[in-house]
Each structure stands twice: as structure tokens, then as C-alpha cells.
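Okay, got some structures for you below.
Two complexes follow with subunit A in common, the first pairing it with subunit B and the second with subunit C.
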Partner chain A sequence: MEASGHSQTFKPTSKALFVCFVMFVAGMVCFGYTLSKNPAEAWSHWLIGAFYTTMMALFGIFFCAMNYASGAGWNVVIRRVNEAMASNLIIGFLAMVILVIGLLTSHDKGMERIYEWLHLHHDHGAGSLEHAGGEMAAAAHSGQSALDKAHHELLEHKSPWLNQNFWIIRMVAYFAIWGFFAWKIISNSRKQDIDGDVKRTRANVRWSCLFIVFFAATVCLASFDWIMSLEPTWFSTIFGVYHFAGLFAGGVSTTIVLLFILRRMGYLKEVNANHFHNLGIWLIVTTIFWGYIWFSQMMLIWYSNIPEETQFYVFRMTNPEWDKWFYINLGWNFIVPFLLLLQQPIKRNEKALFFIAIWVLIGRWIDLYWSVGPIPFLDHATHVYGFSKDTVWLSVGTVVGFAGLFGFVFFKALAKAPLQATKDPYYEESLHHHSA
Partner chain B sequence: MSHPVYSPLREPLVYGNKSLGQVTTDVCGVLERKPSKEWWLGFMAATSILGLGALCVAYQIGTGIGTWGLNRTVGWAFDITNFVFWIGIGHAGTLISAVLFLLRQKWRTSINRSAEAMTLFAVACAGLFPLIHMGRPWLGYWVFPYPNFRGPVWPNFRSPLLWDVFAISTYGTISAVFWYVGLIPDLATIRDRAKTTMRKAIYGFLAMGWNGSAKAWRHYEVTYLILAGLATPLVFSVHSIVSMDFATSVIPGWHTTIFPPYFVAGAIFSGFAMVLTLLLITRKVLHYEDYITVDHIDKMCKVTLVFGSLVGLAYGTEFLIAWYSGSQYEGYTFINRATGPFGWTYWVMVSCNVIAPQFFWFRKFRRHIPLIFVLSLVINVGMWFERFVIILTSLHRDYLPSSWSLYYPTLIEVLTLLGSFGLFFTLFLVFVRVLPPIAFGEVKGVMSYARSQKHSHRHEAAKHVGAGAHH
Partner chain C sequence: MSGPERTTRNAKIRPFGESMMSKKFFVGVFTNEHDVLDATTACREAGFAFHDVFLPYAVHGMEDAMGIKRSWLTWVTFLAGAAGTTIALAGQWYVSAYDWPLNIGGKDPFALPAFIPIAFELTVLIGGLSTVAALFAVCKLFPGKDVKPIVDGVTDDKFAIVLERAGNFDEARARSIFQSHNAEQVLELSGEKA
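Coming up: the complex of A and B.
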């Protein structure tokens, strides 16, 4: 059987774009409402959305690159979906830029708890009492000011890495690197639609290998910079791997969800149970991997019981508002998808896989919410949790807004190229892919 | 669409347009001939080294482990380094046999048998070192928790060393069963080809009555898949738990959360280097170039590059976070690691593990057999040093400067390590004589891979290259 020379092109329906738009507006309403109530809380929700969007976009290009580099052929029929996901890198970038502007222009006291070290330069040399959480520190007794002093010294120690300018430069650099490779790989893939030159595949293998090197380093550093540094006295070397695992599990789920929606719209008929089976395998592999990394970090910190490290968990496991999330996170992101995905029929069933993928995507929010959510209410020097409660549904709402924007950009990007890379040398193999 | 479609970019996995019968003859023939002169030379060298090692072990057990270079500050050094080194070597075998099987990587078929055998021998070597360290190895069974008459003396369940006992014995058992199940159809073929009654009886016993019926194959395939599923988590758990021997402590340089995946990556890296070392010799000596092809070597080099670079990323992360943590002890440990009295071991480690594999970025070098052989040895050395660096440099500068000390291994320790290599190579050499080093039953299943009319000229070219290497 010969490949059909031409391929369908996607046209987003106004209904789909409208749904995305409504989600986006709803999300921005949630964000705006939170902003008027408690800016720090609002920006922590924004950060979750921005990070989530960035990671899912990054998965799009990473998954293409990984399959090019490893010589996989099965994914060619779904590759355009991953390519279009990567377009959301621009949304991730804009969202991070807006976050930076929001952080640097706000005069709200509580805002100093988000990237506490970012505000260090304001009171440089003015003594230790005025740093983040000023009100609380001002009322401090001598025991606490000693703690504050030590805390301040630690932030000073880290300032060559954790300072406003270098942090922003790194952020721009990460996006520039990701964007450059995404552009290179995707444009090669699209040029191949026209000339069918096998050299484009070979070039993309090279670009992909190079990208993966930068990807590994930048994903680790970005998760240190954007999430770990929220609690600047805490550190964990496995943290980057943890977020890579989340990126992978979430990205596979996003791919499954988008495939399901596109097929309901009548596109991508080439995709069959064998392709879903492979995605299902990736989903269980990454679910187990996430569980493994979760356990490695948690167990080693719990076992060694060193205060600098346990601060992250002690609070999250003992605070009556947050402790439940610790267990929900593990159960939701590991136990449930693991048990379900053990079944081969589920991995080959598009609809079942779609529901599990939605489940995992909610799980990604839980994981990030559990990490980022408490930050606006936490005094980083004393680890006292203070004066207000986070509103869960506002965080959910904000993330839904980002999801809407993601979908909107995705649909627009997908329409820009044929849905199938019919001249890819692995296209035929992918069409006739047999799993199991 | 029942027959698979392959991209024109795919290469066949076996060179030389072999017939199925030829595959059997090529692999089994080696076992049916008398051993070659090279084999005898290798075997005698390996057993001599093993004998020397055995003498050393006898001496140190007779005298006590005071024959080692340890002191109060450095209470753990050479012995545990060897243990972790050998356990790590084993990982490639399970990765190739189980993980690549689950990921449907068909190229594994030519190399999985010897890689699995290597795993078992490496685990055997690893097991020796804790046993020797006990000083009274005849009481080694005390590590197992069982109701006993020694009073309320139980192993400490909170100790990762006990977790090692469970993890490694499980790993060894599953690996052995997996390897053996995979051997059964091949053993039956050897039985059927046997010329002597004795040979027929032995291989017939080992083949467990295999009759090659469709029903038998069906059972075999299901069993194999289940065992692969069971073995896969073990690839990760064993070295994760080995890493916890260090990471559950509060010693700077040992306690860091990245240890479990970092150790697993290092283990796979070192294991692949050892697979390369062994298979480059095996394919040459036994003339298996059409089965263990340059494409196989190329792929293994790629895997080695990936895991070497991951290990490099972990080194970098550890260093960055040691500074970032603001803990003066963490910071000092890493500065000392790179610049202290044992700084040279650190730089040996970085050069061998991070820099050396970077050659494999280039296709030319991934197909340059002598270079790959040298690099595989370099990586083996580097990965031994990695464990030595982690263990020694984290210990030798204690919190109290008055307790600072150095450590140098004694001749006994060095010869014991050498002896373990003797054991490893002896076992491997016996293996290639008595069992088929290539899973020819499985190779037959991938003979049609990517073969078509279009490819025939390429086969010829490949055959030419393969044949060239014989002479």
C-alpha cells in the first residue's frame, strides 16, 4: 500500500475555539478576583499555570526529539500534535514575563514571600529585620531575630545564583534555547512535507540529540529556579528529575487528550489502538517513574531527618490545611493510574485512556499546587504558616484558564501544517505500526 | 496488514542472508567443537588470577580484615567499592533482557544471552565482598531474618544493608530464572543435535522436556513476558537500594536525594561498558560478527553515551547544590573531592565517565572497534573510581580535623579485586563453552526484520564488512 500523497489539514471549528476562549476568560476572572483579594495567592496560582503550560509545551518538542534521536517510527502519525503543542512555548514565556512584571511592580507585603530572595536587594545592608514577611519580623523577639539573621545570611550566600538579574537572564536563556530547537526541528519536519528529502530526518536526528542535552540541563535548572527557589532555604538534588517525570507523564496525557478530541472532530483517522497502546505504555512508565522519584526524595529526606531538608515535608505533612494533599498527591498521581494502566485493554482503549489522561492532568495540578500553594502563607525564616487560607477552586480556575489558552494556541498552530508528515521515511511504518 | 512494514531507513539485524539452519550451526557449532587455543589461554589466565584471589581471601580470612588499609576514620573503602562496582556491572544485562524486551527493541536478541550471563557472574562477584567483609563468612547466613537460638538477635530492618540482602537476592534469583527460561528452547536444540549419549542426557535434562510444540511456545512466551515485567523494577530497585547504603546517612557527599536514579544511571552505564568489553572479544574470537554486528555495537555506544552524560549531569547537579545548600560541610566535601589529597581520583572519574564517552557522538567512532574496546575499558576504570571517590572522599576528612586521615589499599585488597575479575572471566569463559552465547531461537524470530529486495545490495555490503573482519 502506498502512502496517500496528500494529507488532511486541520481547520479549528469556531466551537472549539469558543470553548477554549470561555475557559480562558473564566480563568482570568478567577485570577483577577484572587488578585483583588490577595495578590500573593493570585501570583502563586499564575505561577502554577505558567509552569504547567511551559512544561506541556516543552514536552511537545521533547517527545519529537526523543523519538527522532532513538530512531522510533511509530509516532510519525501523531507527531504534528506534539509539534503544535510546542507552539505554546511562547505562551509559557509570556506568562513568565508577566509573572516577573507582577512580582517586581507589586507593593503588597505578602508578595515578598514569593521568591523571597528577589526582594533581598531592596533592604540590602538595612539589617535583617525588614526582609520578607516584614510585619511578622518587626514584631519579633530576640530568638526570632537570630533566626532571621541566619536566614538572611543564607540568602546572601545564594545571591550569586538567586538574584533578580541573573534569574531573568536564565529564564530568557531557557526559552531561547527551547524555542530555537523547537523552531529548527519543526521547520525541518514541515520542509520535508514539500521535498520529502530524507536528509531532513537525518538533520533532525542531529538537532534532536543536541536539544536533549540542553533540555536535560535546562529542565533541571528551570525547576530549581522557578519552583525550588520558592523556598530558598530548601534544596534537593533530585528536584529537576522530579519535574522531568511530571513533564513526561503530563505531556503524554496531554497528547492523549488532544488526540481524542481531534479524532472526535473527525481528524487523524490514521491513529489506531496500536498508537494508543504505545502512549499508554509511556503513561504507565512515566507514572511509575514519577512514583519512584517521589519516593526517592521523600524517603531519603525522611530517613536522614536533617532540618534543612525536612522543612519542605514537615510543614506539608503536619499542617492541618495541607497534610491531606500529601496523601492525595501520591494516591492520585501514582497508585490510581498505575493500577488502571496495568491492564492491556485499557491501554488500547482510546476512551478509557482519555479519562485516565484527564485524571493525570488533574494530578499534575495537584502536584504543583502542593508544592507552590502554601508559599504565599509561609514565613520562610520561621516556617510559621500564617493568617490566611488558600482558596483551592481559585487555583483550579486559574489553571483552567491556562488550559483554555493552551488549547487555543494549539488549535491555531495545528492548522498551519498538514496533519500528517506523509513524506517522512517512517510514515508508512507508523501507519502500519503493530503494538503487542 | 499482518506482515510488518519497515521504513527504508531500517537496517537488517543479522547480516549475511543466513538461513535458519545456518544460524543454528553458526551458534551451536562453537559448543560442539573442541575449545580453541585462544580459549585455553584465556581460561588459564583467568583461573590463575582466580586462584591468586582465592589465596588472598584465604589469607585475609585466616588473619582478619586488619590486613586491609582501613582506619578509624576511613572504615569503609575498597571492599564496598568493589561490591558496588560489580553490582552495577550486572545492570546492563537485566536492562537489555527485560527493559528492552518490554520496549520491543528487537536488536536485543543477539546480545541478551551473554549480557544476562554477565549479570549473574557480576552479581556472584559482588556477593563475595560483603561476605569477605564479615570476617567470618561461614556465619553469613546470619544476615537473613529467621527465628534463631542466638537470643533476640535479629538483623536491623531499618538498615539499608539489610535491604540490600533482600534486593540483591531477589535480583539474583529473578535474573537466574529469567536467563534459564530463555535458554530452554536453545538447550533443546543442542540436545537434538547431540552426538553422544552423555551430551544428550545432560542437555535433555536441562531442556526440561521441551518439545517445541505451539502450546509449549505459547507458555514460554507468556512466562518470558511476566518474568520481564518482574525483572524490570529490579533493575531500578537494586541500585537504588545500594545507593541508599550511602544516601540514608547524614554524611556530606553521601546524603543527597539524587542518589537513587543517579546510581541506576551509573550502573547501566558501567554495565554497558562491560557488555561492550566482553562482546567485542566474543564476537571476534567466536566469529559472531554477522550476529553481533557493528550496528549492535553502534547502538550500545549510543546507550553508553546517554547514560554517561546523565551521570555527568548528576555530578554537576551535586556540585551546584552542594554550594547552593549553603551547608559548609556539603560545600567543603565537594571542594575537597576535586582538590584534596584524593583529587586525582575525582579527575580520573570525570575524565573516564563524562569526557571519554563523548567520542560516541560520532558515527565513525561508534563503529571503530579498537577505539570502542579501549573506551569500554576506560569507562570500567572510571566507574570503579566513581564509587571509590564517593566512598573515600566523603569519609577521610572527618568533622574533626584531628580525625582526618588518608587511605591506601593494601596489596591484599588489590589482589582480591583482581581475583574477582578472575572469577568473572572464568565463569564467562565456561559459559561460552557450555551454553549458546547467542539466543539463536530468538535471533531466528528477527531474521526477516527490515529485509526486502530493496535491501539486498546492502546485505552484500554488510556481509563484506563482516567477512573482512574474520581475516
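Coming up: the complex of A and C.
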């Protein structure tokens, strides 16, 4: 493979595609096995994979947009990598559609715990409602009826927003918005490869500014819709920001990992320690940001100690097998990468940065699993039962499957355009970028 | 380019600090950052000792060109920051949990999450102020210090390489390096008592 050249194009090796394919198959085996044992758990794993994939794809276009909007030039040599990451929005969309189909077609009792509000029925006249399963109806006659009644009234109260049709419409709308802006920004970038017209960059600055406004709103709403509504009576207003922080830290890590792999394959020789330094700076900044938001959410809820807010933490911190994960999440995602990345030589060292990026990507799974994993084992009367670490590896496996699919689509998308946007007005600046 | 017009505006030479009282210097004045970067690299490679290079703004790559090692100031920031965290936590522990245990909202007297914002603030405050203080101490700076620029314009649009004339200083070599990189002026200076 030639190491330089202005119109170099990426060709995925069959080995790379095969590795991705094997990861995908292994993941689907894990998912299929879980599905046969406990469908609710399987779909919670699927949701983690779909959300993770969507967020990483979204980071691809967000990072391009952010750098256009801020007039940054250094990222031009790595922009095609971020553009190709954005192609995985289609995988995120398909995964969410499959999730919806899975949710709506399953008749398993345990499935009612995933998006509990999805199973509300209004078929007993206005005002009255009954849970889809017999379980809740039976519980309504037991000593828990007052709690159930209050719980159902709350779900009913929230139903104008949290109902099946509107939820699906919103999901499609989010992907439509993201997809539209990704298509606009990327196609402008590709057109510039041909005509080198500066007005493409100017147009992208405008599209990017507009996108960031929509992005901020849709990422918050998507994390409310897909993750927070798993516990529909719980709310945290900072939740969207929390997942944006995760998106950013994970996305920078994904970029570093993909760059490392591509450079090992002999591509992107233009990328040097200065570009890695910038990515390392982004990584420590977003790690700090995540830690800050993690703490802001946790501390305010802990301090005010209001039942409808604390339930999220009480569920997770009173389970004897999972209480430690609260600290593992903080230590893994904040303290370790923070202390390592404080050192400048590490930020400029490609290999060290690669390992930290892998660490952070594992941390993203820990964070999501800690949020979503307990849901199939949760009931609204503040009990967690049966939530054990025995099946953790199945969630890891499912996410690895999504990572394989992500890699496959990424490699295919990257091969569709020259690896360098050589006619971008900032290309020269990016080549000579200096950071220290 | 280095015609007579360029040298018409002669720089006014001034003594520049007590540390330079008894030293002699050889100065090249440049008008753009590419020349000064290349000339600096050439001087380092020729083995000249820098007093300093004066720039009107931060020129990327100058540390490498001068062969300056990484600053140890970041360690001051880190250690002072860690001290700030420790002081904040110890202080809050002492007043809220040890000396007179306080029950606030039924929380533990040593309510660690509630102490974190203050620990964070003191980390940033002490880390930041200590870094500035260390920088001032190392550079012998203080508010109100009257620092005269060595050449008029190094705070405006001129770049000056200041070499130390010590030992067997090869003046011809230095002069040729400066002139081959389009030096606007080549000066000899000796630090006088101000």
C-alpha cells in the first residue's frame, strides 16, 4: 500500500471485513441465546447496542459540524474518518426499528418492564386504565394497590408524550433530522473534492451551526425517549447532557481507535502526534465533562433526597451484586482516564492514546449497562430482583456484535471517497498543524 | 528585500534587566516568524547559547527550534491542585465532622458528595494561583515591574534572537546565520547598569 499520495483511497482488506463479520456473528449469537432465555434482557442488551451505535455515528457528524462552526482547520486530515462514522446512522436507525418491532410483537410477560408505558391500554373507557399483563391487575387487588394506582395515574399523566405512536414518530424524526444534516454536510464536503470551491465550506459552516441547534435538542430528547423513559416515573433534567458527555468522550475514543487501525493498515500517514494531541485534549476534556455531569446529577439528587428522583440510584445501589458498580463506573470513566491523560506525553503518543480510548469505550458500555441493564429486573414498586452479574457477558457480546457491524459499515463508507479532502481550504493548515 | 530602506528605522537600544548587567549579547532582529524560526534552528544547530528569543506573539514550534525542554510548571499546578483538594477535604472534615459534628438534612457529618464542590473550587483556585505565582517567581516578574524591551518593536512586529557572547563566541558565524535569514538588523549589546 502506498503511504502518501493526494488522491489515496481506502480499500478495506478482506481480513478487516472478516474480523468485523465475526464480531457481528458472535454478537448475534449472544443476542439470540439471550432472546431464547429471557427476551426482556435480550432487548435491553439490544437497546444498549443500538443506542451506543447511534451515539457514535452521531458523533461523527457532530464533530465535523463542530469544527466547521468553530472554524477549526486541524481536523481536515481526519475528517473523512468522522464522515464515515456518520454512515452508521443507518445502522442505528435499523437497530431502533428492529427494537420497536421486537417490543411490539413479543408476548413475553417480562417485556412489559421495557418501556412500561408502552403497554398501557385505555380500553376500559376514559380515565380508567389497566396494565396489559395480568400480573399488574392481580397486584392491584393486593396490598400494593395504592402504590399501583398512583403509579398508573402518573403514567397516564405522562401519556400525551410517552405513548407508542408519538414515540415512534419522534424516533423517526430524530433520525430524519440527523440524516438530513449529515447528508447535507458530507455531500458538500464530497462536492468540494471535485470543484474545490470555498463556498462549499461556507455553506457547511451555516449547515453546521443550524445542525448543532437541532442536535442539542434531539440528543436530549432521544436520551429521554430511549433511556430515561425506561423508568417512566423517574426524571433527571440533566440526563440529556449526561448522554451528550458520554457521546463526546466515546466518539473521540472511537475516532482514535479507528485512526490507529487505519494507520496500522498503512493509511493516513498525514496524521501525526499533533493531531493525536488534539484528540487527546478532547478526550480528557470530555472525560472531565462526563465526570462533572455524572457528579452534578448524582449529588443534587442525593442531596435533595426526593423519592421520585432517588429511585434511579436506590434501585441500583441497594442490589448486593451491583452496588459496587456505582463506584466502578466513576473510577473507570473519570478517575483513571483523567489521571492518565493529564500527562502530555501520553496525549501525544498514538499507542498509549489507543489503549486509553479502548478503555473509555469499555467504560461507555459500563455506563450504559448500569443504566439499562437492571431494567428487565425492575418493578415499579422499587424492587430489584434477580439482577445478577451472571449474564453480563451476554450484554458485552451483543455490544461487540454492534461494534463489528459499526466497523463493517465504517470501512465500506470510508472506501467511497478519497481519504483526504485535499481541496478543503484548511487542508494545508491541517497538514502543518502544530499543537504543544 | 534587506535593502537600505529596511534599516532606516534604527532600533533604540535599551538595557533589559538586572540579570544582564555584566553579560554581552549578540542580537539579530527579524521581521517575520518564518525567518526567525529558521534562524533560531540554525543557531541551535550551530551550538550557540540563547539568552532568549523575543517574540510579539507565541510562535508555534519555537520551543523545538530553541531546544527548550518541557516546563516543570505543570508539576506545580498538579501538586498545588492536589494540595488544594486535600486542604478543602481536611478543612471540611475538621469543621463538619470532627470538631463539632453537624447533622445537616440527616446526612452523615462527613458528607463527601456535598464537600466535592468546595474541594473542586479550592483545587482550581490554589492550583491556578500557585502556577501564576511560580511563573512570576521563576521569571522574576511582579506587578509594576518596569521591563524595557531589548529592541523597540519586539512587543509589536519585530522578532529578536538574543545570543549570549560567552567563551569563544564565533561572531562571524552568528552574523552570517542572521544575515542569511534576512535579519533586519544585527546588534551587539552589553548589559549596563541601569
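Everything below uses one rule, namely that the second predicted complex is superposed on the first by the 402 of 436 C-alpha atoms of A that agree within 3 Å, B and C clash if a C-alpha of one lies under 4 Å from a C-alpha of the other, contacts with A are read in each partner's own complex, and residues count from 1 in each chain.
Going forward, contacts are C-beta pairs under 8 Å (C-beta built on N, C-alpha and C of every residue); 3 or more make two chains touch, one makes a residue touch a chain.
Values in this document were obtained by computation on a predicted structure and should not be read as measured data.
Novice: Fit or clash for subunit B plus subunit C once both are placed on subunit A?
Specialist: clash
Novice: On the A-aligned overlay, A:434 touches which partner chain: subunit B = first, subunit C = second, or both, or neither?
Specialist: In the superposition, A:434 contacts both subunit B and subunit C.
Novice: In the overlay, answer first, second, both or neither for which of subunit B and subunit C A:344 touches.
Specialist: Only subunit C; A:344 stays clear of subunit B.
Novice: Which chain makes contact with more of the residues of subunit A, subunit B or else subunit C?
Specialist: B
Novice: Check the residue A:161 against both partner chains and state whether it touches subunit B (first), subunit C (second), both, or neither.
Specialist: In the superposition, A:161 contacts subunit B only.
Novice: Touch check for A:303: first (subunit B), second (subunit C), both, or neither?
Specialist: both
Novice: If you lay the two complexes on top of each other, which residues of subunit A touch subunit B in one and subunit C in the other?
Specialist: 299, 303, 434.
Novice: So in the complex, which bits of subunit A are touching subunit C?
Specialist: 295, 298-299, 302-303, 305, 342, 344, 434, 436
Novice: Subunit B touches which residues of subunit A in the complex?
Specialist: Where subunit A meets subunit B, its residues are 1, 71, 73, 154, 157-158, 161, 198, 201, 209, 213, 216-217, 220, 224, 233, 235-241, 288, 292-293, 296-297, 299-301, 303-304, 306, 308-309, 425-426, 428-429, 431-432, 434-435.
Novice: Please name which positions on subunit B make contact with subunit A in the complex.
Specialist: Where subunit B meets subunit A, its residues are 1, 4-10, 104, 233, 236, 240, 244, 247-250, 255-261, 309-310, 313-314, 316-318, 321, 324-327, 361.
Novice: Would you tell me which residues of subunit C are touching subunit A in their complex?
Specialist: So the residues of subunit C touching subunit A come out as 60-61, 63-64, 70, 74, 78, 105-107, 113-114, 116-117.
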